[in-house]
Amino acid sequence: LREPSLGPSFGMKGGAAGGGYAQVVPMEDINLHFTGDFHAITSANNLLAAMIDNHIYWGNALGIDQRRVTWRRVMDMNDRALRSIVSSLGGVANGFPREDGFDITVASEVMAIFCLASDLDDLKKRLSNIIVAYTRDRKPVRAGDLNAHGAMTALLKEALAPNLVQTLEGTPAFVHGGPFANIAHGCNSVLATTTALKLCDYVVTEAGFGADLGGEKFLDIKCRKTGLAPDCAVLVATIRALKMHGGVKKEDLKSENLKALGAGMANLARHVENVQKFGIVPVISINRFSADTDAEIALVKEHAKKLGVEALMADHWAEGGKGAADVARAVVKAAESGKSKLKLLYPDDMPLVEKIRTIATQIYRAKDIDVHKPVRDQLESFEKMGYGKLPVCMAKTQYSFTTNADTKGAPEDHVVTVREVRLSAGAEFVVAICGEIMTMPGLPRVPAADSIDVGTDGRIVGLF
Amino acid sequence: LREPSLGPSFGMKGGAAGGGYAQVVPMEDINLHFTGDFHAITSANNLLAAMIDNHIYWGNALGIDQRRVTWRRVMDMNDRALRSIVSSLGGVANGFPREDGFDITVASEVMAIFCLASDLDDLKKRLSNIIVAYTRDRKPVRAGDLNAHGAMTALLKEALAPNLVQTLEGTPAFVHGGPFANIAHGCNSVLATTTALKLCDYVVTEAGFGADLGGEKFLDIKCRKTGLAPDCAVLVATIRALKMHGGVKKEDLKSENLKALGAGMANLARHVENVQKFGIVPVISINRFSADTDAEIALVKEHAKKLGVEALMADHWAEGGKGAADVARAVVKAAESGKSKLKLLYPDDMPLVEKIRTIATQIYRAKDIDVHKPVRDQLESFEKMGYGKLPVCMAKTQYSFTTNADTKGAPEDHVVTVREVRLSAGAEFVVAICGEIMTMPGLPRVPAADSIDVGTDGRIVGLF
Amino acid sequence: LREPSLGPSFGMKGGAAGGGYAQVVPMEDINLHFTGDFHAITSANNLLAAMIDNHIYWGNALGIDQRRVTWRRVMDMNDRALRSIVSSLGGVANGFPREDGFDITVASEVMAIFCLASDLDDLKKRLSNIIVAYTRDRKPVRAGDLNAHGAMTALLKEALAPNLVQTLEGTPAFVHGGPFANIAHGCNSVLATTTALKLCDYVVTEAGFGADLGGEKFLDIKCRKTGLAPDCAVLVATIRALKMHGGVKKEDLKSENLKALGAGMANLARHVENVQKFGIVPVISINRFSADTDAEIALVKEHAKKLGVEALMADHWAEGGKGAADVARAVVKAAESGKSKLKLLYPDDMPLVEKIRTIATQIYRAKDIDVHKPVRDQLESFEKMGYGKLPVCMAKTQYSFTTNADTKGAPEDHVVTVREVRLSAGAEFVVAICGEIMTMPGLPRVPAADSIDVGTDGRIVGLF
Amino acid sequence: LREPSLGPSFGMKGGAAGGGYAQVVPMEDINLHFTGDFHAITSANNLLAAMIDNHIYWGNALGIDQRRVTWRRVMDMNDRALRSIVSSLGGVANGFPREDGFDITVASEVMAIFCLASDLDDLKKRLSNIIVAYTRDRKPVRAGDLNAHGAMTALLKEALAPNLVQTLEGTPAFVHGGPFANIAHGCNSVLATTTALKLCDYVVTEAGFGADLGGEKFLDIKCRKTGLAPDCAVLVATIRALKMHGGVKKEDLKSENLKALGAGMANLARHVENVQKFGIVPVISINRFSADTDAEIALVKEHAKKLGVEALMADHWAEGGKGAADVARAVVKAAESGKSKLKLLYPDDMPLVEKIRTIATQIYRAKDIDVHKPVRDQLESFEKMGYGKLPVCMAKTQYSFTTNADTKGAPEDHVVTVREVRLSAGAEFVVAICGEIMTMPGLPRVPAADSIDVGTDGRIVGLF
């Protein structure tokens, strides 16, 4: 599983260690500092940032163009005020002013690297490869050029060990790493997954943000890089969400609506197809909500049957492990069948722009992509720098197959506009940003922090 | 003892867990993230900052004047680029632009509060009292008005428990808290001290930055607030430093120079007098350096005898506990004598400006203080707001009794200019800034981080 | 004619008072400060800006949201450093920090108002109507609310009188006003035109940036507002430009190329059609260049004949008035014919978005327009505020019918994307910005200023 | 006389062309754009600024350190929002961000140069000598290095001719130039003065801000550089002001108060002495106010007699030239006596810091000056760069002999702190800034612009 970030915990979402009888514990700690992994990542990221500005300050031997520093600072906080800043103000002693900004820690390339590193050496090598800036004549400057990677590795050394926790029922679970699914690949650490595989017969992992976005990235990035291949994919659905995809408004979700549910199944059907394109056998797990009616459940199961996929109800929230037993059995069956044969969506040597097009047309079912000249030029420059073989990490809304969060269902014929591309040379992927993607959230009008408190008994309240 | 900050560890000073045979262990951990206390303080400080800007963003019901936000963000890093920034740029969605900046974590008022809090409730109350901004008509706005203190307390809850470590010889030691001795009171946490007092017969604690600066603050702030009273004060001196106070240049310190040493003793004599003014019996511990000659040692002892104080050599660096045995015996003798009777320097109800004058003339032996009109006005406004009874926390160079770091020895007749005053309403003291005091250091040309690394054996090198 | 701006004069373009024998004099003065009109406009624009920030500073009774100040400062200079700034830094006494920027003076709405005002009272009324900011709840704040319009009018009073100059041959000419054709309507002042019409039989005026852009704006904005209606339109072409539209590269323009010229005529044909759509009789004036060949000239004339339009050579550069006599005769003939009957392109009460669509499809021959949701919302808000009847002022590259400067010839089937819309409530039009439009140019690598000098004889050199 | 600036005209002071019967006309024009001289100076100043940033943008061949650009932009406006800005924001295309700011036009070194230049060639040479920035290794970069001086001279060429106007009675007067008396030397142009001297028998000129500040600068800077030497000095006093120097509050000035007036005479006596130190014969002109009583007038005359100086009433406000006839006669007598022999206060080759000390102790009667190390270092660096022989231009409040505007009368024993020094290498003086000096004023709560308007008759109202 991924570790939760402090930002959202104090912001809108509340904690992220589960709920009801489906919790990992110690829940309170996991939602706060836990083992300090995120703090270590924050420190490593910001040490690199400080060393960049320090290098410029002390003569700038590498000739860094301060307008072209691409490395941003991070904070594990939802803080819109830091999205865009001007730093190094206040005179000669504070360095050369430049436009700068903070992302949330989970959006740091260090987080992505941390999750993809196979061991300490690989971590150091990847950190060294991070491109932090360009010179006036557009030559890349790397963390290794600043000799920052050693100290960064020292800061991350302890954190790299996966954190073993347990569920309320005592099942062991690794909670380790957690890159932003918006901007990065959204999976927990490779080390946690491989460690788990050595210890157990069945390992369940998650890929944030849907089978189209998170699933594609899990398979095309994490599996591609590590040789991992899943034996089965669980598609988690809720009847609520399917009804929304069928056109029901949020306030009407509590009433039975078979027609809308039927229409919304088109969305689920597409996820099934997408998973099958990768050669993986899908199983559908319907997370039970109290408003779900029998007719609705029957409808979903019937549709699933037509798709040739098993759909099962899961109620681990209310019943713990027992509630998910049916799903678990179906998963075991699918996994044991040996039918899953991972087929990556595109080969390494496809040009970057074609990789983006492939994902957009094959997975999001777009008619085409729209890539403006400057973005196209940048992709070409990445290829010239030798990064053409990297996979592409799509950054897109998770609420729609299109780039418009409001377009529900299973749309076709839309165009995916690539607004910006970024090179994560250390994490070893190219990020394609489609639509408005926020790398530093803000707090809501009444943030969760408003009701978090420590009682007179010394217990924390309001955290989840 | 105080916890070390990551900033200097990766900057100039190297780690701060001791050296030679006088170390606390696990040294590597203590110098890195340790138990995450500093990260918790950083998070609490920055959550408050985010909530301030968020409040302004969502309608600003409290009428905060964004030019008068006094709460700064912090980072546990030496980063001059963040000293002075403009935040909330980038358009309407990112909030109201304002001048802002980062201090190093140890300079946060949260750190000072953390170290002075007597328990979790006191911590929460003090956090709530922090003044973070003023309205357009100069009314204070507190952390409690933003309802931030509960969540901040939750973030600090685990960190508040003192960290028990041990020396290489197995002696238990608490390493907990560490406010910036420049800007705050520079002592470890009250909780660590009181916990230790319950466990042992003799408790040794430190007060950063000299008997004039650190010692005064330890007694007039920490002891005043807690009722603690030391039975003996150890003045730590080195022959090197005394020779510098006698006028020897850094490059000539290795040669014997009795004349300069004699002159430099005036500095030590004044520290002795200062401690005696507080009613405490001093003992002088001369930390041995290899270049110290017998004649020099004899001279110091002789001078000390004239002052009526015991001076003893300590060589714990080379010999561990055994090396400091003489000093320890003298301390026990002094403590057991019962002669120490703590006498605070000024009463609570002395006007703030007079408190500053008292410290400057009595301890620094200045002729007078120089307080400009705007600073004087601000002190008066603090008194009107009801903060007149707070003690004063002097922020001044530790290298001289004057505000000029180069003026060595035991100067008199100098004038102490108070450049700025700040109200730490949560920590419950008024900071008087005299001369240039940096609250966010920068990295040197070749930072320590440059040589910190993790070897192929997984061990960290270059950290100390 | 329009007055030249200092910015380009010291930047790339050199002066703008003509060349060869076709000059207005005193040329040197016209290219420098002339009668100070631009300085007066600069002062009026910036007085308003200062009064906005001053209002916010002194209590902000109108509740201006400083993030939503839309009024920018101006300078009559090419200065990229001022395009985007943060102002009011430096502490409480300097006001509330905000994102701000400078445009070049000609892009000021004051310039547009100045050119469209029918008299001093109308000027004052329009200045008063300028929307300078919005409150937090999106109510407009006008210059009149700040009581700035009176003082602005006082600053502009003298400048409003048209400047009468003469050509080298003594023909009188008004040089007055000069709004940026990129962002505004690009015609000289209404007062100069109406004054001229009272004095002469034939008045020639110009509309910057092509018949598609400048011509459309002259007719749909200036003529619509004033009731003026031209008797004839002169389309100025060069064989060089037509060859470029036919696909010839800049470096090959000196060789005869009939095929490309023929292809390029499609561009001219479309301009002819566009003018005819407005009900105006066009005459084509081909400004002679030395590289034009007889065959090329013949080809253009022949094509023109097919379009039913007279095309004549003009060589006023080399021959002064005599060189343009043929064109003049054709113009008189066309004007006297009485065939021109001005027909505006769209009615006042067409919705704003439809006005944009009409111009794009009818004049630029786009397939459609692309207006994103936020832009569409803004247009609607303009309509709700009562500005739905205003004409639209297109801001678009002058180098192509499309928004891409490199697309030459007579393209069809393109889509015009409206990036941004701005309300000029004083000038009384809505600006629709399509593509990248710069409102503050920069200086080139070697600016013209580099070679401008005053000789020992006191004469200015290098200005044109 | 000096030309008025638009800033104060629209701000607090109202116009500056006199009042009552003592006006120069056309008053309205003089207070607005007049002959455009200030606009020309603004343009020249800002062209240089644009060329600096443009040079940095296009490769920075001169190696300018953007933190050490000392040349500021100017605007003829009171605009506090522009005092301190960050420019070149918005990405790579807008250049390198830096801290920047605007002064009011009159504070531009171009203005000072303009007023001290003896002819067009001298103007160009001085413009070329302006130091605009320093390189990273502290080498000065001059306007001439950027090749900006030629174009700047072209912009100033017309303005350099003195503007001849007349008083209401028809006496000719030159109104030309007007450097900020705060930061520059505060006299009208050398060219106007020398032109006037060729035309008339008696030429009266002014020196802004008192005999101590303006007078000293007139003599030690303007006269030193040009060889001019006045035959007589008129000290302008008012009984109101003398009473304030004697301790009367503003609201009590209307009542007779002989005792305070007597005390206040000490201030006038010192001005007399100061003028006499320069070897010039003073005449006192008492500008009449309606509240002045006979007893008060008699007292002033009596005191003046004791000082051996003639004191005469002047009432040109009510009576025009006739009202000042007595003063004029006294001036003629003094001038004809030939007793004035100009003696400069200090020789050219006195070290800069001693020049400052001489002015402070001799003219302001300070006990000493206080020059901090960084300021002292800078003065030394000016001397090393070859500017040691320049005179010093004091920037200090005009309301007191001390640096504290509230200290009235004839104080002694005060210390003048030099806060900052600036090198005006083109104007050829060193500015010593003592106390808080504002180089960009702000508008008051209700600016004069609020009531300036153009009536329906086309006349400007509210300007004076």
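Note that the chains take the letters A, B, C and D in the order they are written out, and that residue 1 is the start of every chain.
Just so it is clear, a residue touches a chain if its C-beta (ideal position, glycine included) is under 8 Å from a C-beta of that chain, and two chains touch if they have at least 3 such contacts.
Owing to the predicted nature of the structure, the values given are computational and were not obtained by experimental measurement.
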{"item": "Most distant chain from chain C by Cα centroid", "value": "B"}
{"item": "Chain A and chain D: spacing of chain centres that average the CA atoms, whole Å", "value": "64"}
{"item": "Intercentroid distance (Cα basis), chain B paired with chain A, Å", "value": "42"}
{"item": "Chain A-chain C separation of Cα centroids, rounded to whole Å", "value": "49"}
{"item": "Numbers and ranges of chain B residues touching at least 2 other chains", "value": "59, 86, 89-90, 95, 99"}
{"item": "Graph class of chain-chain contacts, one of line, ring, star, complete, other", "value": "ring"}
{"item": "Chain D partner contacts - residues on chain C that touch it in the complex", "value": "6, 10, 29, 32-33, 36, 39-40, 42-43, 46-47, 49-51, 53-54, 57-59, 73, 75-90, 93-95, 99-101, 120-121, 124, 147-148, 150-151, 153-155, 157-158, 442-443, 445, 447-454, 456, 458, 460, 462-463"}
{"item": "Interfacial residue positions of chain A with respect to chain D in the complex", "value": "59, 66-68, 86, 89-92, 96-99, 136"}
